[in-house]
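Pasting the structures here.
Each of the next two complexes has chain A plus one more chain, namely chain B in the first and chain C in the second.
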Partner chain A sequence: MSGAGTGYDLSPTTYNPEGRVFQVDYAIKATENGGTIIGLKCRDGILLAGEKNVVSRMMMEGSNKYIFGVTKEIGAVITGVIPDGKSVIMRARQEASQYSEFYGQQIKPTVLADRVAQFMYLFTLYGGLRPFGSTIMLAGKYQNDYRLFMVDPSGAMFEYYSCTAGKGSQVCRTEIDKLRLEDITVRDAVYHVCRMLIKSREETRDKRYEIDMGWVSEESFGLFVPVPTEFRKEMENKAKEDIEREERGE
Partner chain B sequence: MAAVGLIDSISELSGMGVEKTGTSIMAVTFNGGVVVGADSRTTSGTYIASRVSDKLEPIHSRIFCLRSGVSSHTQTLAKYVRNYLSQYAVNENSEYPEVGVAARLFQVMNYSNKDFLRASIIVAGWDPVQGSQVYEIPLGGSMVQVPFAISGSGSGYIYGYCDANWRPNMSENEAVEFVKNALSLAMSRDGSSGGISRYAVIRPDGVTRNYVSQSDLPYRG
Partner chain C sequence: MEKSATVSPILTGSSVIAVKYSDGILMCTDTLASYGSMAMFKEIPRMAAIGKSTLIGASGEYSDFQEIIRILRQKDTDDFIEHDGITLNAGHFASYISSVMYGKRNKGNPLYNSLLMGGFVNSQPYLAYIDLYGTHILGDYHVTGFAHYISKPIIAAEWRPDLTEEEAKILIEKGMKVLWYRDARASDRIQFAKITRNGVEFDDPYKFNSDWDQESFKNYSLNPLYPYN
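And now, the complex of A and B:
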């Protein structure tokens, strides 16, 4: 079986002659096949959103969310291999609760993101483990500052004004670059994100999907909470109509 | 507490006690900082092991702790907390870590090892988030934040004085006078406290340390 990394891709403990670790690259590939996720740092907070294919009509609406709360003020969204992502979230929750147990304070978003990154990095070091096939976006408030981070399967962590991952990430990236994030609120951003996510589903337009969103903002008093469902659905429908209207050329 | 009791009884039999800081220590918040003060006597039974000891222990650049109980226990606790806190400060990019974090570290260790330790600590300092704070962590490992705290064997003699004379929002000079007088009264009545009184003023812009020599103490009993 030949492929790009014949022989050098059997384990995360092997480099190839070009200095790449193929298992980590493959894990990143796995996240690129996942549903699109977006994080936007707006004027008054951060919006996290993700879209997922709904495989069957039998699935309950609103179940199986990809957005999680880690602490009261810090939330996350995942893509890629979902069970991998969930397991990282469980670890993040543990880290956060042990931290506050030991230091008597809520963990800061920077510190939590760092812990998550170190945890994911651990799995790129050993032959007996495989890297997580999931990208995690973390958003949280600390004192008067909103911070947004993204961690990929290699364990690299960066802070962002806006970030995307998953299948439609390139399309959404272009759309985000057209926005002036400092001027819009998280409320405004919900509409824009719905537009982007729907637009990025070009090929799979007819398949059933669901959008999950959560925000941490002035409006939510600095807590990470789900975006109210009726409001989100309203913005989704509006976005859908606007896109259809544009396509009809009006 | 069983282990500590055993150590005490064995050393009593030999005539020398475990080195203890029978002591008078206090910390007082004022408008813009904290004053911490202590006596300077360390005893081993009735022998004064040191008449010039320094019980004002810096934990971080704007955080001090005051120690009473068994010297070795309190010194070791302070070392651990200093270590953990400095790592915390580096990790979190925080030049002045929160005083509450230092207090919490003392509390966690004091409580989890309560069967083996006899340590009563006052943590006092300043941080940019909450300003000046004082926490007391007595023997059992509980923790409470207070505007001022007194502790040690000598503290029993000055509860009345402190309650009558403490006011919120004192100026730095008023707070220093309060500490000098209170400690001097305690030292004049408590056999386990004495020597000189040391005090330090912790402000956002720095820490100044000073002492009151025996001849300058206001009350000498």
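And now, the complex of A and C:
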């Protein structure tokens, strides 16, 4: 089997004999090394969350977010190469505002996700461009229904009840499968997600990290907004204490 | 390169009146869009909300008003999705749109409107007059168009900073009635809207009563200066 570095990986315009495009695979690898991100479709809305390492004590808390609003009702979280993800978000915002200018209506989450996917796919076709090293999760409300999508660097887009990406995605995947999502609200989910994200950190717990969350739900009147910081911190601390207690075997 | 010259307005709204009162700003327009001298659309709104922060009313070209609403609502959305704890208020929108209007005026391609914008800036009620030239004036009460001549003297005589909503409504309705008597492009179906610290609220439009059998109208020919006796 042809492995890396055998000449088939120099450009997205080349297949290898097994039919893989290595540059796209490498871009997907970049997202697997990023901070864990989670999307959960709960009973009354969708929660998007992520965690990242904080490299230095000098960095201001709450700066450098990677949860973004795209329209008032649609939000996104990104992982992998963050500047790549940010530029996709900027494109998504443009698509959304042009759509509403042209059609006089808010863009549906399905249409926006498709536009984002097509945009990312474009960058896998030409030798002069490199694929985005970022996975994007989009969540939005449309006509009393909440929709969750994930797009990876190959431009593949799928709709989900729940999705994970990044370093801790496997651990979080197993934890999510234990939950009954139809029964919990986004407010309940904040606690569960904090637990998962903290548990999934492979490095020692001493490394500083920051959790970022946004939700679109009945509670937020169908708008995508950041989860209130005090509430999120409260749940984070509760999750941390609960995990430590379980580890001590109480 | 876009080339366009000023055209005269085609579908127009007449006056807007707005006053500061105890809870915020109260604004009123009639619900008429005129096609020259034809009263073409008699039940259209000439006021709009931009998010929760701003109430805007316009006279002049109706399509330009729709464009201004679209521009400002997009700005409001762009600000909201930043989620940075900062929100644009009526003063920001007023400064922005007046700069846009000044720039277009200098290129000979104006947005043919006079706008009144109300909201709160630094927790204080804010009311601005903005026109097609790019003029931007703040005040305790404002009017546009014909109402400068007809309604403003009435408002100016009785305005106080501590008007209740009822008192402000009565005062403005006085101004709207005289416009119906004297402005050939006005209508007797009016709508009130207010912006308070809780946001923007629109009242249902209604038709007010008017008396065309007044002695002074009927006996106009008894005026000693009437030239046709």
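Keep in mind that, in the parts below, the second predicted complex is superposed on the first by the 244 of 250 C-alpha atoms of A that agree within 3 Å, B and C clash if a C-alpha of one lies under 4 Å from a C-alpha of the other, contacts with A are read in each partner's own complex, and residues count from 1 in each chain.
Quick note on the criterion: contacts are C-beta pairs under 8 Å (C-beta built on N, C-alpha and C of every residue); 3 or more make two chains touch, one makes a residue touch a chain.
In this text the structure is predicted, and so the values were computed from the model without any measurement.
Novice: Is A:72 in contact with chain B, with chain C, with both, or with neither (first, second, both, neither)?
Specialist: second
Novice: I'd like to know which partner A:110 touches here: chain B for first, chain C for second, both or neither.
Specialist: In the superposed model, A:110 contacts chain B only, not chain C.
Novice: Looking at the overlay, what does A:43 touch: chain B (first), chain C (second), both, or neither?
Specialist: Neither: A:43 stays clear of chain B and chain C.
Novice: Quick one: is A:225 in contact with chain B, with chain C, with both, or with neither? Answer first, second, both or neither.
Specialist: In the superposition, A:225 contacts chain C only.
Novice: Between chain B and chain C, whom does A:102 touch in the aligned arrangement: first, second, both, or neither?
Specialist: First partner only, chain B.
Novice: Go through the superposed model and pick first if A:187 touches only chain B, second if only chain C, both, or neither.
Specialist: neither
Novice: Based on the superposed arrangement, let me know which partner A:143 touches: chain B (first), chain C (second), both, or neither?
Specialist: First partner only.
Novice: Just checking: does A:93 make contact with chain B only, chain C only, both, or neither of them? Give me first, second, both or neither.
Specialist: second
Novice: For chain A, give the residues common to its interface with chain B and its interface with chain C.
Specialist: In chain A, residues 101 are touched by chain B and also by chain C.
Novice: Considering the complex alone, what residue numbers of chain A touch chain B?
Specialist: The touching residues are 101-105, 108, 110-111, 114, 143.
Novice: Under the definition above, what is the set of chain A residues touching chain C in their complex?
Specialist: 65, 67-72, 75, 93, 97, 100-101, 214, 223-226
Novice: Under the definition above, what is the set of chain C residues touching chain A in their complex?
Specialist: My answer: residues 70, 74, 77-78, 80-83.
Novice: Which residues, counting only chain B, touch chain A once they are in their complex?
Specialist: Residue positions touching the partner: 88, 91-93, 98, 100-101, 103-105, 107-108, 129.
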